[in-house]
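Input: structures, listed below.
First chain A sits with chain B, and in the next complex the same chain sits with chain C.
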Partner chain A sequence: MIEQLQIKGEWRDGVPILEIDYLPAQMFQPRTSQLLSEKLISQYRSLLAESGLDVPPPACVLVIKATTAGSPLVRAIFAVYEVIHADSGTLFCVNYPVAYLESLTSLGLTALPGFKLMNTLDETLEEARKLVPPIA
Partner chain B sequence: MRRSTRSVWTGLLLQVLGSAVLVAFQGAGNPQVTATDRQVQGDIESLSSKSWQVRVSAAQALAKIGPEAMQAVPALLQSTRDRYSSVREAATNALGEVVSGSTGKVVSDTVSGLLGRCDDRPEVRAAARAAILRIGAGAAPAIVEVLRSNAEITSRRFAAELLAEVDGFTVGLAADAAFLLNDLDNDVKSRSAVAISRAVEKCALLGPACLPQLSAIRVIGKAFAAAADASLRQYELPVDVCLSYLEFMAPVAAKTRYQSIAEAAAPYTFMVCVVAFLGVVVILIWGYRTIKAKMVIIEGLNRENLEIREQKTLQEQNEIARSVLKRFVTMPDREQRPGFTIAAAFKDATAVSGDFYNWFNRSDGSVCIYLVDVEGSGIDAAIQATHAANVLERTLTRGDIQKAPALLENADHHMLQELGQPNIAVTMNLVEIYPNLVRLANAGMPPPLLFRHGQAQPQQLQAAGVYVGGGYGRFRVEPRSVEVSVNEGDLLILFSDGVLEARDSFGGLFGRPGIESAVARARDDEPGTIAKNILSAAAASSGDSLPADDQTVVVVRFGGYGPNRAGAQTLIEVSSDESEADFTITNAADCAAVCDLVLQAAVRGWIGKTAGYSPGRIWCAIWEALKNAVSHGSNRGEVILLKLRRSRDLIVVEVEQPTEWRNWDEFLGEAARKRLPDGAPRTAADIGGTAALLKLADTVTASMLGRRLTLVFKRVAAPNEKGITTHD
Partner chain C sequence: MDKVVARLSTIEILGVLAPGFVALIALHAWLRFDLTDVLGPSVSGNSLAVTVTVLIAAYAVGSLLLEWVNAGTRYFMRVQLEQLGRPERLGTSARRRVLDAGVWLMHGMPLPRMRFSFVRAQVMMSEFNESVSHTFESSRFSSPWQRLDMFRKLVSRVSVPNASTVLTAVADAHARLLFMLSLSLTLALIAVVGALLSAVTIVRCHQLSPLLLLVCASGLGSYPLRLVAARYWEQEIILVCSLGEWRTFG
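Our next item is the complex of A and B:
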């Protein structure tokens, strides 16, 4: 059984990957969006800090492992997107729960420049690698 | 010590003598400086004294001197800004006396000084009014100037008011002040209209001698006609009348340049008389209507005052009645006995209506509850209720175990014996409670409801009887009783007629359905919560903070009162057919998971039967509404209702939560919808549960004080389908 909320981060092929998982009850909690936003941004910043890169990466992948979603998650994704987009990066969102996709699209996130909705992590990494400059 | 005191006195004496010599020398050297001048000079200096009493005295002294103290005007004007209102008032009075009858710059300085900053103390404002009126005719142009140049609103209103009172506000000046009829402030506008209208009326009284003012009155007439404010029309009437008269007289006066106006007007005397007569009639009608309107207002105010006084007396009487009841009548909150728990809730009416209840334990382990309603309201009902409570407490708790009907007869007998023939009826429910049995005798109260475990519809416990005190001993009455066996989980609800008869804003009764609905929402809660829930629901239905009649609810739960609420599991009850589906969802820890798995499947299945709707869109909206109802609109264990309705072109979703959401309009109203961007969000504020609802549903409204959210989804037309409205 997973904890109420889990957020992990790792680097793969020069791309920072954030992974989020939670129980459905998380979506019915007050202040969830704020909690998710803070934790995701904090995880992303610690990934950047440990990488020692001079410039922020041009892409970031957010993998959603939970099976439920809703406005709190959409708001958290938007908060991460704002941070990444401010550095001219692209946010790839992978595995957004299909049953709740309408909440993401209706709130207009898919219309944001620098935001891409993806199906699998492999194809996302392939796309993201195209944006990462080759290591000299 | 003594030496130093002496030296101080000597110093003071020398100083006084020195001053006297200096003054005498100055006076002698300048013969034009009079004693009054010297006094004025001294008073001017005293106006700067550190002591406010000295400053007041100086201003009063200057007032007594009057116009001869003209040189003190700047200092007095300065003193009208003093931090002490007494000094300001004295200085203002003095200005009135000193400047009285003057003209020119000193008047305009004084008036603009007095009106420039409207004092916040009424006595100082009153002094300013008196001072300006005392100044006389010279003040009028200065007031108009203040109105032209001063932007401070209270000063402007004050000045406009003074215009109507001050002498010298002539028609010529009124024509200059006609710009005020278009003032942005309504008060300034209407007060100026009164003043201008009066100036014209005064002029009209002069008759043909008013002719030289014809052009000024024409200007005023045009200004009234051009004023956009319709409320000014009433002041326009005298101007119109005067203008008609003068317009008629003008050619007459021109023709008879060398004759008296009376001679010239001779051929027209009849017409002049007719016009004058009509003018007088119009003015009289106008005056009568104005006075009548004022009388109506005064009558209304008097009536209002009377009502307030009566209301206050009624409130005081109610307070006394409440304190009487609270002091002498015991109404316990809760009782837990082996096999059952009793709890009660009570709500005062606007006027005390004589509800009370009590219960007592008996030696066989049973409890006897009595719920009483004394007819009437106010102090009489409170006193009668106190007597009845006293008699009942003594007779019902005598110790010998008696069945409810016999207890009722006893109560009637003792009430008749001790209180005599009562003027008011006492209705009562008397119930014996055993762990597995209820025995009820009823004397005119609404029949109690028994909710069997697992059943939504209650059973009414009917036991018709005559009200107590009506004289069971005088004529033969056999109170009936009803006995029912009860099991664990059953609920017995006793209530007074005040609960049943609570009315909503459309006049609909709260009634039995209201009680059933309130019980359904808190079915597994402890009895006290159920009782409070019923009263809250009745209050929410009527929208009144205080009911019209006392409301009492007593709840008995048989057996324990359910599982630990924190561990309550989500229970989704479904009732569904082609056109509608109802779901009852209990707020619990696993609520989100169960809704995601069970409810989502049920909802999607129900929607999926008709083409033209997006189940994903509707489910996401329901999910957001449920998230709101679970996290903000209900507590653990409370029930949320979800209703789906389908017509040909619409699916309507209702989500009903127990808690009110009064400011829903702020988040879901038209303004909130307009704030949302069409495409991508601009800020985090554009994303949220309510924003999602507005984006997902075609319309979102709330009702029942925000407890019910209604989402409407329109059917999307299939290609080539006719008769269906397409939408984006």
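Our next item is the complex of A and C:
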């Protein structure tokens, strides 16, 4: 089951993008939340390391490919948010499954400063680029 | 009878029975009905039967009030959090705005001040509740303190040092929170009904109704009770979170 958990990372237009995908059953597995959190954070850190930037980027995009969500995903998003927010960055969450959006809102995540819910990757990149300083 | 009452928890007494009694008393004062007529001569002559009937009625009314409070506050919180997260959504239909204003009047209360730690605690409790109960997406259906209450009950499955003292304090804070919210709703309902009756009197008799004083008093009294409830809520969250970090439970 663990192998079904896919997390990819890439840089686009100076913005780090994390992409996450899993099977619906993954949400019921024990330790999924811890695993998801650890993998997402380590992917984000390795993206930072390969960029060689002196300061952390002001924005990060998290794209959710899966069509289901659950408390493990919420916790993982919150864990990544904690890391990014500690560096005064903004986390853009793209494509969060609409059917599960109400639980994310009811937990208060969407109300946090530096956390933005977005619909498409294109509009997110446009928004995120505004935060990234132009390369001299 | 004593055994039945003794079995009721503080939460049931403060959060359900007491507001139910207050609502019944308000209803009695308003409608001025004679209890002997309602219950009939055979029942009203028996003091035990009268006590049991009043207790059941108060419990039923209190339960209804509590469910109303839960549903109303859940809606209020959802709207508040949605607006905080996506301010551009504010431009909604007139019907929705009227509904939101009504809900604010009846259930509006300040969100806990500790924003970051509040969300952290909510995420932690939701995850714990779902992993222990093997349920899915329970956050969608529960009000913030239902989640907290469920966590408080489920956390006793995990061995946490010195948990019982904290859990007792949490239960006390929770009982007071429910009492304040149900009482606040009762006052708000008295204010709304009073306002409607006053309006009818003003239109019919072209004079100010003495009920207006009651409307103002209960309307003004309702919100401060929710402010107090919000403080109890914060207290409850802090106490629950003092039991340990989520990594301890995972």
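FYI, the second predicted complex is superposed on the first by the 133 of 136 C-alpha atoms of A that agree within 3 Å, B and C clash if a C-alpha of one lies under 4 Å from a C-alpha of the other, contacts with A are read in each partner's own complex, and residues count from 1 in each chain.
To be clear about the criterion, a contact is a pair of C-beta atoms (placed from the backbone, for glycine too) under 8 Å apart; a residue touches a chain by one contact, two chains touch by 3 or more.
Note that the coordinates shown come from a computational prediction; the quantities given were computed from them, not determined experimentally.
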Using the superposition on chain A, decide if chain B and chain C clash or fit. clash
Can A:47 be said to touch chain B (first), chain C (second), both, or neither? neither
Examine A:91 and indicate which partner it touches, taking first as chain B and second as chain C; both and neither are also allowed. neither
Just checking: does A:103 make contact with chain B only, chain C only, both, or neither of them? Give me first, second, both or neither. both
Output check: A:128 vs chain B and chain C. Expected answer is one of first, second, both, neither. What do you get? neither
Touching A:67, do we find chain B (first), chain C (second), both, or neither? first
Could you tell me if A:29 is touching chain B, chain C, both of them or neither one (first, second, both, neither)? first
After superposition on the shared chain, which partner residues are touched by A:7: those of chain B (first), chain C (second), both, or neither? neither
Is there a shared patch on chain A that both chain B and chain C touch, and which residues make it up? 27-28, 30, 33, 70-72, 74-75, 78, 100, 102-103, 106-109, 111-112
Under the touch definition given earlier, write down the residues of chain B that touch chain A in their complex. 589-593, 595-596, 600, 614, 616-617, 619-620, 623-624, 626-627, 630-632, 677, 679-681, 684, 686-689, 691-692, 695-696
Considering the complex alone, what residue numbers of chain C touch chain A? 74, 77-78, 80-82, 84-86, 115-116, 118-120, 122-124, 126-127, 130-131, 134, 136-137, 139-140, 142, 144, 246, 250
Residues of chain A defined as touching chain B within the complex: 23-30, 33, 37, 67-68, 70-72, 74-75, 78-79, 82, 99-103, 106-109, 111-112
Please output the residues of chain A touching chain C within their complex, sorted ascending. 27-28, 30-31, 33-34, 70-72, 74-75, 78, 100, 102-103, 105-113, 115, 117
